[in-house]
Structure formats: structure tokens, C-alpha cells
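See the structures that follow.
The same chain A turns up in both complexes below, where it pairs with chain B and then with chain C.
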Partner chain A sequence: MSLVKPFDKLPTLNSAAILLVGTDESQQQQLAEAILKEKKIFKINIHVATSLPLPAERDHIRPRIDLIVFMINMQSKHSLRNVEASLSHMDANFFLGKVCFLITGVGRMNHCSVEMNAVRKLGNLYCSPVLFCELESEGIRVATAQRLLRMLQICAGHVPGVSALFFSSLMKSSIDE
Partner chain B sequence: MDETVAEYIRRTVLKIPRHEIMEMLTTWDFLSKTQLQTINMHQIKESISQEVVELCEVITSIVNDQTMSNSHNFVFTISGIFSCITGEETDSFNLADFKYNFKRSLRSALKNVTINFREYEDNATWIRIAWGTQYTKPNQYKATYVVYHSQTPYVFISSLRNRIPLLCQALVHASNYHDIHEMELRSRCLDSLKDIVFKRYCQTFQTYHPRPLQERNVAPEKVDPRIIQVNKREKERIQSVNQEVFGEGLQPKIEFAQYKLETMFKGEPEMDILTEKEPFRCVVKFSSPHLLEALKSLAPAGMADAPISPLLTCIPQKARNYFKIKERKGILSASCLGP
Partner chain C sequence: MQQRENAKNPKQALQVRQSSLSAWQIGARTAGPKTVHLKSAQKHEKEKQQSASEQAGSSTQNHLEQALTYFERVKDYIPLRKNEVLQKHLATVESIALQRGLSPEGLNVLLNVALSGHLADTVNSRILKCLIPASVIAESSVVSAVSWLCVGKCSGSTQLLFLRWLIAMFDFIDHKEKLHALYGFFFCSLQDEKLGMQPHLQALLSLYKLFCPELVSITLPAKMKVRNGLILPACSTDTNNPARSKEINHVDILSHSESFPVEQLHTFSQLLQNIHRLEFPSQMGSVLRNSLLLHYINCVKDESIYLRLYYWMGQTLQEECTWYKLDNQQYEEEFKDFLDIVYKTECFLQEGFSSCEEFLYKSLPLWDGFCCRSQILRLVSWIPLSSFSEMKPHLCEPLAQLFFTSSLYFKVIQVLLSFCLTLLCILKLMSCVNVVCFSDCCSRNTTLSGLLNSVAELIHFVGWISTVALRLENNATFLMYFILDFYETVCDVYLKYNLPLLVMPPPGVFYPALLSMDSVSLNQLCYIMYRYRTNLVAAKENELIKKTILQFKFSSQTYQEYNQYIMAMVGCLWTSSAFQKDIHPQGIRLDPEVLKKTRVQEVRSSFNIVHHPALMGYAILFLQQAWPEDKTLNFNLIKGRRWNWYLEYLYMQGLQGLKLFIESSINRVSQPCYILILTSP
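Then we have the complex of A and B:
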């Protein structure tokens, strides 16, 4: 089993790779298709996995992963546990802005089995931004896809002058100031 | 005609939705075609039902036949009752004898009952029983239905609480079996109960594949090549484990599974409360419009690990959906025992 490292491979020209980690396959597929529909100027590869570590067999063909998105479904404790288990199989260098948590299912409050505090603590502990979205709604799905695409561009280094470390500004709330 | 019967017909007709009334009356088959044609369908339902009652005035004792023919309209929970040991069983089942013995046995215990029989093609005998007490007439609205397949030791009873011993005694006596006891299997769908108990559903067999076989020709989905599934092998494993456990084909339809826990509470040793004194009593109930299909889809949907707990998957094999879980002596783990 291989540890995913952010800087151990050379980047390919004008392309970026995003890894979606989560238990709900249909949601991942929906998000992946939404991302692919967006207009972009670089080539994109979306890898969809249920958990980390990734199987070692295809390691040599896998491109460098620029952004990892952990998908947690608030209605399933199983998804939270899966993500927590996967987080320990990552190289620490990823947490400099190349990781993001995507939370779905917050819209139906009475079906939630994961607490909001748990998710916020996770974001704070791993210094990564936490995004909320409802993938069933078309508009929100498109907006999330656009956001992720922009983050991916920055993480892959395609935007001059902006680096992934700037994402820490997404985590500060105005109350903290 | 008895006025309770007339009232019963009137209320039954009122319950039927308007567009289905003509169809229902034709299936009931106790009014002739000419009589049916005289009913004016465009009036309010009360008048329609009144007309039907008037036409029925001339016919006696049709009440109970027609309710059994439209049984699919009735939502009733059925408990499967298992008749276990065969005592002196006669070689051939004689329906007339059965009916006679059953009626006699039940009437000897309780005078005020209405009993009706009806046979169907697949060897099923439907018995409709309306109960009364010593002083009151039988209540036609809260009737019990009993389905008995003569070649099998199983009887299906729609739910009733207080008359079970009487009914069981009559059944045992009439069918010449030795004993009868209740199975812990309940559902709204009679066909599913029959499927489980007669083993008509798709059963699974223990197979051993060192490598998963590529059996089915799955048409390749139109997947964008830019989306790469990293854990494809794991997903295939989950599918094959699921297949092994649940089998192919539709599962029988059950709505509930109830687990009564009588296990010890396993907490921190420092906490004095509840440790090792008394079993922790708890009831866990799973409910769904179609429980077994929902359990089958849990692992592929990513909501549970495959393989799923055998307590959930043993429901069709053990033919029960009400469980009592006690401590296994010696090893501290829950096991599935039952009365």
C-alpha cells in the first residue's frame, strides 16, 4: 500500500489530477461529472476512491495528485469513520492546502447522524477548509464544481502568484478577528 | 336478510373507490349481469350502496364469499403459524372432514361465530371467522382470516390477539396434527411469507472461488475515461460477497425485523452502574417498505461494510424476523437464540 505524497512525482504539462475519497459512489460520480462539464483550459483527471491507502498496483501510472477532497455524508457515520481512517494514511505535506473536506447532506437536519462539531473539529485539526454542499440540487452542484476546479488550478500551480497555502484564509471566520 | 349483513354489504361497497365498484361487483359474482346493469353509477356512493343492498335482499348468505374473493384489497398483517409435530396424520387430506371438524370444534367452544370456507387453485383453503361472545353477535368487521395449505404443515393467520388458543385448538383437532406453535415471522405480504416458508425464494449456496469468476456479461458503462475508479477490485469484491449472501433475484417482502437484546452492558469497569448485574434490555427494530432489498443494497451503496452481520442476513433462512438475543455462555458475544 502506498502513501500518497504530494511532491514525489513530476507534474505533467497543462494537466491536474483530483482525488475524491468517500463511501458514496453515486455522489462521487455526480460530482465528477459536474466537474468535467465545466469549461477549463487544462486537462483534468478525476480519481475516485473509497478509502486510503490507494492500492499499490497502479501507483506507477497514477499521476501526481494535486488536490484531495474527502467527502463526508452527514447522514452516515460510516462515511465519517472511513474518512478519519483514511486521513492517517497521508503524507503530512498534503495538509498545506491540498486537502479539503466536502460535506453533503446537511440540508436534512433530522436525518443527520454526524454532529456539526465533529466535522468542524476535523477541519481545525487538519488545517483544511470545510465546504458544504447539497449535491442533489443542480445549482449548488455546479457552484461546488466551479469552486473545486478553481482550487485545483491553484493547487496544481497554474495560477501565477497564488499558492495552495493561501487557502488558510478560507478557514478564518470574521468573528476570530 | 339479516340487517347486520345488509349493513356490512353497504359499508363494504362504500369503502371501494368509485371507479372500481363495477369491477368489484362483477368479481363478487352474486348479482346477475342484468341486475348489475340496473345500478346507476353516476349517483353518490351512498345511493349506489343502497341499491346494491336492495338487490342483495333476495340472496342469502353471500356475505362471506365475496370478502374472500377481494382479499387483495384488504391490508392485513399475517403471522405465520407453524404446526410442528405430526401425530396421527391421516393418509389423505379430506377437505370435507376438515371443514366439519373445524366447525364443530370451534362451535363447541363458542356458539357465536361465523365460519366460511373458500378454496383456491393452489391448494389453499381460506377460512373466515367472525367472532362474537356469549351475548353478542359475531362482529363482521373484525374478522380473522386463516389460510391453510393442506399439503403443508403451515397455517397463516391474520392478526388477532385473544382468540389464538381457541383457533389453534380447532385447527389441530381438524387437521389431525399433534401440536401447533407460533413462528416468529410476520409480514403484510402473504405471498412473501409463503415464499419464505415454502423455500420458494432464490436460495444461496456456499461457494468457494479462489478468484472471483467473470460470469456475467456486463455491458461496459459509458464512463468518461477521465474518471478513474481506483478501488474497482474492492467494489467487485463487495458485489460478489453480497451476491453470495443474498443470492440473485428478488427477496421476499418483509417490513420489520425486531431484535430484543438481553445482553450484558459492556462499559468501563470503573463505572458502577449496570456492570454485570442485570442484562441491559433493549429492543432494536428495523422497518422499511421492503426490508430485505434495503439490506441487500447497503453494502453497494457504501453505507455498511460487506459482509453484513449474519443476524440480518439469516432472516429468510431461519424464517423469522423477531429475535431474542442472549449472552453466549462462556464467550461474551451475542448469539441468536430464540424460544
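Then we have the complex of A and C:
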């Protein structure tokens, strides 16, 4: 089992890799398909995992991961715990703008087991942006895929003059401070 | 013992048996050998299959005791899945509760474990739903349950379920003195977000408080804006109260006995004839589409109307919100229509609804940026101006987050939105200035300078996001156009709106516009700088003549910034010296060695109106028209008299902004020209 590190591999030309971590595999699949359908100017590798750490055997064929998206379902405390456990298996350099939390299930506020505060605290603690979406609706899925692509583009260094760290500092929220 | 159907808990009907009560109280806690237990377990299974079974065997008693002991000992989190022990005990408790209810001690144990957050929510809700008392509920267990709520270990839905259980089982609590002392806590939790807004309860209580304030001693949220509408002189109070108007009708000889519904009013003469017996619709929401009723609301200073509208709108917005409640997705079109109606009403009344404002503050952080996009953005533009520190975390930051992660189109809309927002703020300020008392028109107690500061900070915020957006989009022309459009409004605030506010664009917007590759941006920028100059000169003159009532003068820093920008502009357009002489700290000045390394020939005359990348196309066209035979493009031909022809040519191509700028900021008395720089007063 190895730590995922952001800078231990060389980047591939004109491509980027995104890793989706979450317990709900069907949601990950839907999101991945939506991302692949988008028009883009660089090649994308989408990796999915239920939790970290990733198995060490495939490490040498894995490309450099540019953005990690942790998917948390508000209706499942288990998904939150899974993400919290995975977060400890990451290299600290990832939290300089290459991590993002994607929260689903906001559309069913009455059935939420996860508190909104817990999610916000997580985002503040790890200095990473928190995006909300409801992946069951197609329009929102497409919009979310576009947003993730945008972030991926920046995290992979394809936008000159804008680094991942700078970008994440733009998204800092001061609500809970 | 009472037997009653419980409407709140439709799943269970309460059946209490005296015999089972005595069996519980007297029954010994025997723990037989294992084999006996196995047999009784099988028996228990059979009992469960029989519906409404009344066998109070001691075996089920043992199972219940075991289950209760198990629950009493729960200290850590226990998941439900794959935990057969927990499932078995839970099933035991549920079945026994359904058959004959639970004792006060059992209820105590189960309440404590359900609210302690040690078990999963599904287990907690199952436990709460089976808390049926066999006799009474001990007051102490309710009090300790409430103390668990204060600790906050259980989830919001569990808390809500507990409250509903409490309301349902209230009559079974044996003593209530201590409970009466806890009412304040319960009412506070009404306002708690976690437990759901329950606005109809709040609405009822607020209305009740209006009529009988002595009976409702708690404070309810009073976020009402005081409306500064007209006051109808000597208006009779009859139209306020439709019931009373009916009364008067009995006395009135001439009129009909029934009242006239507002919906049937179509002409002004009808209104005049029936103004004393108008019947208002009972649904608060119907005022939104009816301009007559909106006028009425504006004129009448009746707090209960505002309250009703406030709560109704707040609840409707929350209930119908399509990203808040996924089941509403199919009704997205209706929700969009509703938002449109709200927006139109706000435009009609020329002010925003506070319930709408609260809804936006609450749901914007959760918004995905896609649903009802244009409707939501338009509504944001009616958020009343408050202090910037209030708006920043709830409005600016979520919008900024969406702004930066979205596609270009969205950005364009965002900038337009900011435009509207600021414009409306300014207009509102304008109306405030004409009124002597400021606290009337803004619900928060702010002074004029405070409001101006807020607007200035908002403009700075827009400048910041524009800078970043230009960086992200690599100075896209489309985006630049809308950003400069925004500053076209901002630059003229002093003259057009008579407000002492002048904010220069940030260098991250100014320099990309100055060095842009297309003439539209450059032209816009020239116009904007010309307007800034006009405003600053007017302010200076007014200051000298002491015309301004507010005696506000622009700081020397503003003049300094303006001068720095002017130097850079003239350097780029006229004197070709921007790269040598730009004095702005974030400007484009380059060291001479670096300039040399660029190997640009004749660096001192190679960047002006002729050679600027945005205008070079015009220069080429000009040369082709003036010297059609000459195939070499010799830009040096454009000097002296021909320089003036070239300028005229540019102006005729529609570059009016350029014309205004050059004529106002560059004085060409003779060959050496000097720039008109402003000194602060």
C-alpha cells in the first residue's frame, strides 16, 4: 500500500488524470461518463476507487493523479467515514489545491444523516473546496462534470499563470471561521 | 388505561393491557438454563407471527429484559448491518411494544440510547417509533432525553422524531412541572435550522403574538423590513378588515349585501364603486400577481400582512426548491415560473423580499449553478444592500466559487449580474440621499458613508473576480467586453447618480485591456478613462465652489491612481514610452537591459497608435488607401500632417472612445505634447 503522491511522477503531455473516491460505484460511473462526454482539448484518465490507499501493485502503470475528488453522500454516514479514513492515506502535498469534496444527496434534506456542518468542517480542515450536486439529475450532472473538468485543467497545469494552490485559495470560504 | 388511536404515529395503535402491566411489575427476572431459552426463542418466533397476540409469557419478558440490558450497556457506535444481536433485540423490543407497550423504566433506557447517537439513525428512528407506554412515561426520562438533545449527539431527523413523539405522547407523562420549565428550549429549537424550519408553526406563533402578545412570551425572529411606502391620507379602516366591511354593509342601504372580490375588478370605475366592500383573497400568495393588491400592501402599514407574506414565501421557496428537494425536479418549470413572478413583483415594488433574501443566502452555498440559473441570478440583484461583511460569506463567496469553476458563458452572466446589483444599490442610495432619515429605508441601521463603503467594497470584489477570470480565460475578448461595460457604469457614478463614489479598475483589468489585441476593448477603455477624467474634474470643481452638500472629496490616492493609468495609456498610444516610463507599481515598465534584449528596433517609437497591435490593422488599411501604389508597409510615413489624417481616419472607423480620450487628455499645442494630469485638491 503506498501513499498517493502528487509530484512523484512526470506528467504526460496534454493529458490529465482524475481520481474519484467514494462508496457509491454507480454514482462514480455516472459521473465518469458525464466527464468523458464533455468536449475537451486534452486527454483525460479517470480512475475510480472506493477508498484509499490504492493497491501498490498497479502503481507503476498509474499516471500522475492531478485531482482527487472525494464523493460523500449526505444520506450515508458510512460514505463520510470512508472518506475520512481515506484522507489519512494521502500525501500532504495533495491538499495544496488538488483535492475537492463532492457532496451528493443535498436534494433530500429530510433524509440526511450527515450534518452540513460536518461537511463544511471537513472542507475547512483540509483547505479544499466543497461542491454540491445532485447526480441523479442529468442537467446537474453535466454542469458538475464541466466544473470538475475546469478544476482538472487548472490542477494539471494547463492554464498558464494559475496554479492549483492559487485556485484553491480563491475558493476559500470564510463562513465557519 | 386508555386506548387510543394515535394520528401522529399512524403505524401503531396503542393497546394497553392491565394484566401485562402487573406481569411486568411483579414478574421475576429469572434466567433459566440455555436450553429453555432456545425453546422460548422458538416460541417467541411463533408468537411474533400471530398478530395481536396477548400471551404474556415469562419468556418474552426475559427477552425484553435482555434487550433492555443490552441497550442500557451500549457505549460505542454499533452499526446495524450484519449485527444480528442488535437486530434481534430491536425486533424483540418492537414486537413487545406493539403488543402491550413498554414500562417507564424500559422507555427510559430506550430513550437514552436512541438520543445518545451511539446507534445508526435507522435504528434510532425504529426505537422512537416503538416507544409506546404501557402505563405512563416518567417525567425524568423526558427531561434526560431533552438533556441528550443539548449534547447534540444525535442527528437532526432523530431530534425531530423525538419532538413529534413527545407531542404525541404528551398526555402520558405523569408529571409536567419540570417539563413546563423546558418550553423555552423547545421554542428555540423551532428556529434551529437542523430541525427543519417549520415555518407554519413560526407563522402561527408570530401572528398569535401580534394579537395576544402577553400569551406568547418567547421572541420570534423579526426580520421584517420596514417599508417606506406611501401613506394614504384619511383612508378609512374599512378596507383593512373584510369582516368589518361586511358588517357595515348591513347598515348601508344603497349597496349590495355581498362583498366584491378583488379578482373581478377590471376597471377603475369598478374600483371606485366597490372600494368600501372589497373582499381580499385568503391566500397570501395571490397578491404576487395582482398589482392592485401589491399597491395595497405597500400603502397599508399592517404588520400581519407582511408577516404572512414573509412566512408564506419563505416556506414556498424552500418547499419547491428543486435542488433542495430532489423530488421537485419534475416541477422545475413551475419553480422557474414562480421565481419569475417573485422577481417581477420585486421590480414592481422596487425592493426585495427579505424571505427571498434569506432563501438565497441559505441555498446559494448548496447551489450547483445550473438549476434555474438566470432566475436565481436575477433575484440576487434585488438583495437589499447591507454591510459588505454580512454579504461576503453568504453571497460573494459562493458566487465566486461558482464563477471560477464554470464555463465562460456563466461568467458573462455573473458580471452582468454584478452590474445590476451595483446599479440597484446605487439607485437605492440615490433615493436614500433624498430622504433625510437613512435608517428608514434600510432595515439595518447604517449611515450613508457605510453604504457607500459597502458599494465600494462590492466594486472591488467585482474587480478582483474580473482579474482572476481574465487570467483564467486568457483575456478573452467577450469577457473583457462585459467587464469593461461594468466599469463604464462605475466610472460615471458621481455625475450620473450624484454620489461621491469613484473606484478605478484594478490593474489586472486595466493592463490587459490596454494591451489587448482588439480595438473594441481599447476603445472602451479609452472611453472609460475619459469619463473618469470628467468625473474627477467635476468633483474638483464642485469642491472648489463648495457645491456638494456632503463635502466629500475623493482621496489623493484616487487621483494618483488615475494619473498613473493616464501615463501608461498615453505612453502606449502616443509617446511610445510606456515600457520605459510607466510608474504604476504593477505596470508594464521594463528595465532598459530587458528592453534591449527584446531586440525591437527603434524601441522609442515603436508602440503608439500606429503600431499598437489593436490598431495596426487600421494603419495598414490607411496606408493602402493613402498610397495605393506603395506595396511596402512603411509606417513611418504616418507623421506630421498625415498623423492627423490617420487620427481622423480612426475616428471615422467608429473609435469614438479613442477620440474623446485623445482630445481630453492629450494637449497638442505644438510638437511636444504634454499630458493633462490632475492634481488632487
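General observations
Basically, the second predicted complex is superposed on the first by the 168 of 177 C-alpha atoms of A that agree within 3 Å, B and C clash if a C-alpha of one lies under 4 Å from a C-alpha of the other, contacts with A are read in each partner's own complex, and residues count from 1 in each chain.
The definition used in the following text is that a contact is a pair of C-beta atoms (placed from the backbone, for glycine too) under 8 Å apart; a residue touches a chain by one contact, two chains touch by 3 or more.
The structure presented is a predicted model; accordingly, all values stated were derived computationally and were not measured.
When both complexes are superposed on chain A, chain B and chain C end up clashing with one another. In the superposition on chain A, A:107 contacts chain C only, with no contact to chain B.
Applying the stated contact rule after C-alpha superposition, one finds that A:24 touches chain B and leaves chain C untouched.
When the two complexes are overlaid on their common chain A, residue A:147 makes contact with chain C while staying clear of chain B.
Shared-chain residue A:129: touches chain C; no touch with chain B. Touch counts on chain A: comparing chain C and chain B, the chain ahead is C.
By the touch criterion defined above, A:89 reaches neither chain B nor chain C. Once chain A of one complex is fitted onto chain A of the other, the partner contacts of A:158 are absent, as it touches neither chain B nor chain C. With chain A used to align the two structures, chain C clashes with chain B at 273-281, while the other stretches in 147-155, 165-173, 237-245 or 273-281 stay clear.
The part of chain A that touches chain B in the complex is made up of residues 19, 22-26, 29, 32-33, 36, 43-51, 54-55, 58, 76, 78-79. Residues of chain C that touch chain A in their complex: 120-121, 155-157, 194, 196, 322-327, 329, 365-371, 392-394, 397-398, 400-401, 404-407, 468, 471-472, 474.
By the touch rule above, chain B contacts chain A in their complex via residues 224, 226-231, 233-235, 300-305.
Residues 77, 106-113, 115, 129, 131-134, 136-137, 139-140, 142-144, 146-147, 150-151, 154, 159-162, 167, 170-175 of chain A are the ones touching chain C in the complex.
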